[in-house]
Every structure is written in C-alpha cells, then in structure tokens.
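Both complexes below contain chain A, partnered by chain B and then by chain C.
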Partner chain A sequence: MTPGQAVRTVLRYASLSLLLAFFALPLLWLAFAPFDRAPQIAVSLPEFTLDNFRDLLDNENALRSLRNSLLLAAGTGAVVVTLSALAAYALSRVRLPGRDALLYALLLLSSIVTGTAAMVPLFNLAYELDLIDSQLGVILVLSGGLLPSAIFILKDFTDATPRSYEESARVFGASPLQIMRHIVVPVIRPGLATIGVWAVAQVWGNFLIPFLLLRSPDKSPAAVVMYTFYTEGGQPDLALISTFSLLYSLPVVLMFLLVSSRYGFRFHGGIKR
Partner chain B sequence: MAAIHLSGLTKDYPGGVRALDGIDLTVADGEFFALLGPSGCGKTTLLRTVAGLEEATGGAVRIGGDDVTRTPPGRRDVAMVFQDYALFPHMTVADNIAYPLRIRKVPAARRRDKAAETARELGLGDHLARRPGQLSGGQQQRVALARAMACHPSAFLFDEPLSNLDARLRLEARTFLKRLQRDLRVTTVFVTHDQAEALALADRIAVLEAGRVRQTGTPTEIFRRPANTFVASFIGSTPMNLLPGTVERGGGHVTVGGVPLPAGPARAALTGGEEVVYGIRPEYLTFSGTPGPGGGALPGTVTVVENMGSTQLVTLEGPAGTVQVVVPEDTPAEPGGAGYAVPRSDRVLLYREGQLVG
Partner chain C sequence: MATDAAGLGRRRAAVFVAPALLLVAGFLVLPALWTIYLGATDYQLTGLAAADPQFTGLDNARRALDEDEFTHSLGLTLQFVVGSAVLGQALLGFTIAWLLRDRTGPLRRLVEALVLLAWILPSSVVAFLWIALLDRDGGTLNTLLGSGNTAWLVEHPMASIIVFNIWRGTAFSMMLYAAALGTVPPSQLETARLAGASAWQQLRDVVLPLIRGHVLTNLLLISLWTFNDFTPFLLTGGGPGDATETLPVFIYNTALFGGELGYGAALSVLMLLINLVIALVYTRLLRAREKAAS
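Moving on to the complex of A and B:
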C-alpha cells in the first residue's frame, strides 16, 4: 500500500465514522439517559439507577397515554387492514373504467389528508361531525390518510394471486366471502402483516392529528403527552422524557421483530409455491 | 355421473369477439371427451362455460338432464382441474384434497378420512402433511385430481391437464390419467392443443376452430377421415400433404403436378376436370430414389432430411409443391438427391372446396 492509498483509506474511514456517530449518538442517548441518575442533553456514561423507571410507573398520566396510543394504533390498524384488503381485492378483480387513475389520484391526495395543509378543514369537518375530542374521530381521520397507500400496496398482492385459485374454489361451491377468508387472505397474509405494522407505526408516531382533534389530556396518546413533560421550573424533564421515550419506542420495535420473523416484510405480491 | 349436452352454445365477449359460435355437442355418460384445437379457438372458453365460470350468451348447457345454463358453478356438481392445478399454497395436501368437503360442511374427521383415502388411491399417502410447493409437478397434478375426485362430481373438467409436465412425465401421466378415467367411469371433458394427447386419451374428440366444431368423432375416425382440410392439417404428428390437383376424365386418377395419381376410395364421387385437393399423410407415402416401374410417383429433389429416431422425415420439392414423406431409418436419402414418393392408394383423401369427398 502506497502512502497515498493509506491516507485515502484513513480519510474514508474517518468520514464514515463521523457519519456513523451522527446517527448513533441519539440512539446511545436513548439507551443511556433513562438509566442515569441525572440525565443531561449530552451522552455520558450513566450513574446507574432504575429510579427513573419507578418514577415513570408512578406517573398515571404517562401510562394512560401509552394505553391511548395502543387504542388508536390498534383501532386504525384494524380499520386500515380490513378496508384495504376488501378494496384491493375488489379493485384487482372488478373491471372499472378509470381504475388506475382513481388509485393514483387517491394516493396523491392522501398525503394531503393527514398533512398540515388540511389542518383547518379537518378540524371543521370533525367539528361538524361531532368528532372533536373523540378517539374514534382520530382513528377515522388517520385511517382515511393511510388507506390509499395501503390499498395501493395490497392491490399488488391481490393482483399476483392467480385467479385460478378463486375459480377453483368457486367450482367447488365456495361463496365470495368464503373465498376471501379461505384463499385470498391467507395467500396475501405477508402483505396484510406489512400493512398492519406500517399503519400501527404511522399512528404511534403521529403527533399532529391527535393534538388537533383531542382536547382532554386523559385521551391523548403518548406522542402528544410527551410534549407536556416539563419540570415545575419550566425545564424539559429529561429523566422522564428519556425513560418515557425508551418505553414508547419498545412496542414498535418488538412488533417489527415479531412480524418480520413470522412473515417477512414484503412490499410486492407474488406467490412462493 | 351424467351426460353433457350443449346446444347452440354461443359466447360473445364485450367488444364484439365471438368466442363460441353455436356449439352443439353431446358427451355421453362416462365418456372421455377431448376438445382439441389451436390457441384461441375457444376450447378453454367452452370448458369454462360448462363449468359455469363464463356465462353463455346464447344456447343451453345440460348436465345429466338438468339445464344448468344459468346455474352458478358451485351447484353444477362438476369438478375442474386447472392448467396450473390451482392448489392452495398455504394448505397441506390433505387440506387441499378435503377443501370441497369443507365447503359442503362435512365434519372434520370424515374429511380427513376421505382425503387420506383418496390420496392413497393416487399414491400420495406419504405426502398428506406437505405443502404443494414441496411436491413435484406430477405429484401436484395428482393432488389436483384427488381434490376433484374427493367430492364425487358427476363430471370432471380438465384444462390442459398435461401441459405443465415435462415431456417424459407427460407420457407417464397420460397413461395414469387414462387408467384413472377407465376405473372411475366418470364423464370427463378435457381441453388440449396437442393432437397426440387427444388421440391417445380420448374416447371421442371434437376439433374446434374459431369457436365452431369442425369435426367430432373417435380418434380413429378423425385420424383416418378428417372431414375438412383444417382437421386434416391439424391432426397427425406430421401434417398431411395437401396438394392441388385436377380429376382426370373417368375419375380414376387425379393429376397432381403433372403426374396422374390413383384417386383412391372416393373415385365414384368425382367428375372429370374438377379441381380438388389431394391429401396423403407422410406416413402413407413410399419413398424411393428411382421412379419405379408402375409410375404414379411424385418426383422431387430432397431438400431436408430430419431424423426422428426410428424414422426420418424427408422433404421433397417438386412440380407438385412441397411433399413430406416419412421413411424408415435405414433408407438412404441425402439432401440434393432425386426422390420419388408413391402414395398408398387406399389412404388417399380428396377435398372439394375444403370438405372431404366421399
């Protein structure tokens, strides 16, 4: 190795290390700060304690917010998976004029529905429908925003399911709902799992919609409640925030691991025979 | 078990495509019946219309005497085996076979017994717990057959049952299928584009072209006496030679490329001077390097010699056009040499305006 090559190699690894540190430091903070007696905004080796967790478990507000998050995420996940499966199956099997245009238009508009641009109309709509301060309202709005992408991804799975499966079942006398339950759903299960996890993760991390539509603190999800963790002195309560963040991120990580090991994530259809 | 009657069956697709054009067919009880034709002739549409997966635009389908033209597929009491077998990939072999019984709400224990029994009959007894993806092509086909058998339908419908198997397995499966149908004696209709498969398997064949039946008959009838030039050129592993000719005065001979050839069995129905097509299969021509003493030989130059194992296919170019002859393996034939083909007079077929004479 010539000196020039050696310098280049050193430089390359040095810049890669910097880049890595940039992404790793926040995660390190998340791993260390909850166990630190006096957490700072900087990463430091913790003075080990579990007191922060004990404090958190005594904090009724924090635990309730996690339950609320769970309710919103599970509700939205269920609505999105059920409706997108039915819609994707219908769209892939029924010839409809302008079907693809419809799908692309929905996909385009969906990013607006749950985005900042639609904040005011969304609020008005929820107000008129008496869905302000209702968790059902949040579930419906979030589902509406997620459905187009979910249908789009799932349609690829239903398209890739050979029609002969369904026709075969039809000749044996199966009804459309039986075909859906016995054949289509099991065959596209990896797609359903992907959509479910994705929907749950989207809701889990969503701040804007519940912040906008929910009034009472006892209905707010974790993402909103975390925003209120200040000490009496008006300083961010780093011990509480870091501990809560760790607890808040764990369910999503566990869900990803579980689903990924059981089904594997796939964003395209296709039958492994 | 049941006979299948089709009368005036018509299927129009939106956009004006007529897939079936007034099909009249009767499949007798217990018969093994082939629908044969080139791609796009409507044979699969016909099978799907019998199954109920396509709705007929006109005409009627009767199965076992009942008019089922407007009956949904599940209530026609037929079982269909699809070209790709359509085995459910997430179910075990046993669950696949038992699926029709599950739809009929047969108790789980009875379903299991029936699936195991059917699987055993087809030599699948050891594979009940496997998934279709873990089986070979031939085994998958037998699972599809077992699933069709498990519900004891009054008719089987097979869509290209052998086309997904490789060549060697196909012969084995063909024999297996024929024996199975013999044993079960269930009315069976199958679709194929392979004339050899139809000849080998079927009790009777319907040859289709462009949504119409061009000929129905036993394999022997179809092979010996194709009713028109379409069937003549479609049936046979090497296509029949169809050469333009003129009937000589007296009707005993037909002049093809300047050579008078025997007119064969149809001579009584001919009138002198009319234009006909002279049909003779390559297997019924005798090849020699010399004209021979008797005359009546089509002359030509050998252009291609194709080795087919125990025989050779020799292509001659002569005044009559292109003539193909099947010759024994040890006959000397070299491209560029002269050759003469003598027809076997009792196998000559004559076509007037595309239809068989006599």
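Moving on to the complex of A and C:
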C-alpha cells in the first residue's frame, strides 16, 4: 500500500465513524432511557428495569392515544388502498378523456398543497362540515392528500400486469367486480401492500392535521399526546416519555423491516432516468 | 395501452374513479381554491370580521410584503431550505452513497440502518430526542463537549434546526444517490482511471454528468419538503421570539394562534406561489437537460 492509499483509507474510515456517531448520538437516549430505573436527560448506561413499561401499561391516557393512532392509520390506510385501487384500475384499463393531464395536475397539486399551506381552509372546511374534533374528519383530510400519489403509483403496477387473465375470466362470464376481486387484486397485491404501508406510516407520524382538527385529548393520536407530555410545564416525566416513544416507534420500524425484507427498500435504478 | 380487458366500459370506469376524485376534490382542490379566496378577505377567528368578512382584495398580500415579519420569516425559510436540504441533506446523502458505493457487509448495513432510522421515526419522537440531546442542564451534547450550560436551542436556534433537519432527512438523498451511482457503468470509470483521472476528476467528469437528472429530481423534492416542513415547530415553537419562525410556523401562529384567518390565508397563497416557482424552476432545468441529451 502506498502512503497515499493509506491516508485515503484512514480518511475514509474516519469519515464513516464520524457519520456513525452523528446519526447514532440522538438515538442512544431512545435505546437506553426506557430501561433505566431513573432516566436522566443525558444518555447513561441504564440501571436495568422493566418497571417503566409496567407503568406505561397502567397509563390509560397513553394507551388510548396509541389506540387512536391505530384507528386513524388503519382508517386512512383502508380508504386510500380501496379508493386508489378502484381508480387506478379503471384509469389503467379504460381511456377516460384527459386522464394523463388530470393525473399529473393532481400529483403536482398534492405535493404543493401540503397541510401547511392549506391550514386555514382545511380548518374552515372541517368546521362547516361539522368535522372538528372528529376522527372521521382527520381520516378524510389525510386520505384526500395521499390519494393522488397512491393512484399514480398503483397505476404503474396495474399497467404492468398482463390482461390475458382478465380476458379469460370474462370469457367464462365473470362480472367486472368479480374480476377485480378475484384476479386483479391478487395480482397487484405487492402494489397494494406498498401503498398500505406507505399510507399507514404517513398517518402514524403525522402531527399537524390531528393537532389542527382534534380538540379533545381523548381523541388525539400519539403524535399529539406525546407533544403535551413535555410542554405542559413543570418537569417532564422522562420515564414515561422514553418508554412511550419506544412503544410508539416500534410499529413503524417493524413495518419498515417487513417491507424491506419482502420487497426491498431501495430505488431500483432511481426514480427518474 | 389501454385495453378494456375486463369489459368495464366507460360508465363503470367513471364510477370506479369517482369516489377517489370526490375526496381529492373536496379535501385538496377545494381548500386550495378556498385559500385564494380567503386571502382576499379580512376574515378573523373571532370578533366582527368573523361574522361578516369583507372583501379586501390585495390588501393582505400588500401588508405581507410591507411588514418585516413576512420577509424575516421568508429569509429564515430560505436559510432552512438551502442550509439543511440543498447543502446539508443532498451533499451528506451523496457523500454517504459515494463512501459506501462498492462496499457490502455489516458496516454498510449499520450506516444505512441508522440513517434510515432517523428518517422513519415519528416526528414527535425525534423532536424530543433532539430536545434531550441539546438540553441546557445535563443534555448529552453539553456533557460530551464539556460546554457547560449552553442552551443550544436558545443561543443557536437556526443552526440547531438546520442540523436537526440534516440528521432527519438525509436518508432519502442517500438512497436516491446510491441507486443513481448504481446506474453509472463501471467500464466508464475504469476507462477514466486508466487515463489517469484522480477520484475527484472521475466524480466531476464521469459521474456527475451521468446522474444530473437524479440530482435535480432529488433537489426538487427535498426543497419542496423542507420548505413546507412543520417539524421545527416541535423543537422550538418558532422561538425564541421569532428566531426560527419559518413560513409554515409563521402561518400557524398568525392564523390559528393569532386568529387572523384572512391574513394567514394570504400568506398561504404566497407560500403556494413560491412552491410553484420552485417546482417550475427545477422542471425547466430537467427539461433543458433532456433536450441537451437528445
């Protein structure tokens, strides 16, 4: 090895170690504090205990917020998957006038009109429709924002599936809805799973929309309730916050591992050529 | 090609599309149009103007451009986008992808896992992790650096949320550039190497021209996401004072907290326009590149 190569190797490992430290440092607290008998704000090796989890399981407030998150995520996921599958299939198989222009316009709109820019009218709209402090309102608003991208992605999946199955089913007298249920859905299942996981992850972490539309704490999801743990003045309850954070993070991490092991979580060849 | 294999027919196809379109029209298109209308009124959350808002035309927009608060907030947002997305996430993401490009095994998986974890955890959780990291009394960073009682979020608020957002969002750029680097033919790098090009020259003359499309797509998406990001609110609430009041936080504080719904909507319209400009600039650049390529 020449001196130049040696220097380069050292530099490479040094920069990788720095990167590791930068990304690991904030996460250490989440790994240690939940298992500590008396968690501090600084990271320290825990005096191991599972008491914090026992306390959390007795905390009705915290558990209810996780159930609310689950309800919002599952509700939005179901709406987005069902409606986007129907729409993507129809748009893929039948040429409706102005289809491509419509899809691109909606996609651009959904990436531009985010919750933050349309906060005021969303609040007004929910008020007019009597959907303030309603979990249904949150589900509808979130679905409206996620649907364009979902349709766009799913249409790619349906475009890529062969039509011969549908044709032969039709020869045997199956109705379009039967074809949809028994042939199309099983074939595009990976696409549906991707959309479902993506929608659930988006909703699970979303703070702004429920923060904007829900008023009563017993309907609020974990993202919002957790925020109140540490802003309501006084000393934050570090044991509760750390344990809750870990439990609240676990589902997205598990979902992510599932998706990446089954479908691979990389951009193959990139998004755009 | 669109061939109607299941015998759906146009009418039934329209029925299939309708529910999705209705939701999108109601909760995406309508609010966008409503924002434009509200921005031209003096609508308030409470008081006289709440019952009977008056049409005031461009007054709100003029007020925004005249008042220092808006330009201050816009300036902060630009710092946030350029510092944390364009320079931070894109450069760091590319660096990681470049360092790991021909490497497999546990080190690569560990780096990727940590970077991805920062990206997928819920925002309320990461916000608290950073509050704990930067805490004045006994935060991990002060303990590590021996920097006493530095209140990072108070003394260096913008720098804090910029570094936070780099940490939070680098994963997307890393994955995109890793995929982009995979499309660079090894033979071209080999030829450059044989011709005596240094690593830096290979990067500049072979790799960057080939992945320019990816770079532009990446910059477009992360600029838009960062521009509209509400997460700084969870760290600082816009404070201290208005030191980290980026546009989304400014609109929230004005409209929902301060009750000036009309003015807040006008600010939203300005924000939509800036979003549109960002999108148009990048689409132009992309198209110019495609034309040059063909």
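Convention: the second predicted complex is superposed on the first by the 245 of 273 C-alpha atoms of A that agree within 3 Å, B and C clash if a C-alpha of one lies under 4 Å from a C-alpha of the other, contacts with A are read in each partner's own complex, and residues count from 1 in each chain.
Just so it is clear, a residue touches a chain if its C-beta (ideal position, glycine included) is under 8 Å from a C-beta of that chain, and two chains touch if they have at least 3 such contacts.
What you are looking at is a predicted structure, and each value in this text was computed from that prediction instead of being measured.
Novice: Could you classify chain B and chain C on chain A, in the superposed arrangement, as clash or fit?
Specialist: After superposition on chain A, which the two structures share, chain B sits beside chain C with no clash.
Novice: If you stack the two complexes on chain A, which partner ends up touching A:148: first (chain B), second (chain C), both, or neither?
Specialist: Once the two structures are laid over each other on A, A:148 reaches chain C alone.
Novice: Tell me the contact category for A:125 with respect to chain B and chain C: first, second, both or neither.
Specialist: In the superposition, A:125 contacts chain C only.
Novice: With both structures superposed, pick whichever of chain B and chain C touches the larger number of chain A residues.
Specialist: For chain A, the partner with the higher number of touched residues is C.
Novice: Can A:167 be said to touch chain B (first), chain C (second), both, or neither?
Specialist: In the superposed model, A:167 contacts both chain B and chain C.
Novice: Put simply, what angle do chain B and chain C open at chain A, by C-alpha centres, to the nearest 10°?
Specialist: With chain A as the vertex, chain B and chain C sit 100 degrees apart.
Novice: Quick one: classify A:187 as touching chain B (first), chain C (second), both or neither.
Specialist: First partner only.
Novice: Go through the superposed model and pick first if A:43 touches only chain B, second if only chain C, both, or neither.
Specialist: It touches chain C, and chain B stays clear.
Novice: Between chain B and chain C, once the two complexes are placed on the common chain, what is the minimum CA to CA distance in Å?
Specialist: 8
Novice: For chain A, give the residues common to its interface with chain B and its interface with chain C.
Specialist: After superposing on chain A, chain A residues 164, 167, 169-170, 271-273 contact both chain B and chain C.
Novice: Flag every residue of chain A that touches chain B in the complex, lowest number first.
Specialist: Touch list, chain A to chain B: 162, 164-165, 167-175, 178, 182-183, 186-187, 189, 271-273.
Novice: Using the touch definition from the top, list the residues of chain B that touch chain A in their complex.
Specialist: Chain B reaches chain A through residues 51-53, 72-76, 78-80, 82-84, 86, 88-90, 99-100, 102-104, 132-133, 151.
Novice: Help me check something: in the complex, which residues belonging to chain A touch chain C?
Specialist: 12, 15-16, 19-20, 22-30, 40-43, 79, 83-84, 86-87, 89-96, 106, 108-125, 140-141, 143-145, 147-148, 151, 163-164, 166-167, 169-170, 176, 179-180, 184, 201, 204-205, 207-208, 212, 222-224, 226-227, 230, 241, 245, 248-249, 252-253, 256, 265-273
Novice: With touch defined as at the start, can you tell me which chain C residues reach chain A in the complex?
Specialist: Residues of chain C touching chain A: 2-10, 12-14, 16-17, 19-21, 23-24, 26-32, 34-35, 38, 92, 95-96, 99, 107, 110-111, 114-118, 120-133, 135, 137-141, 143-144, 167, 175-176, 178-180, 182-183, 213-214, 217, 221, 224, 228, 230-231, 234, 247-248, 251-252, 255-256, 261, 264-265, 268, 271-272, 275-276, 279, 286.
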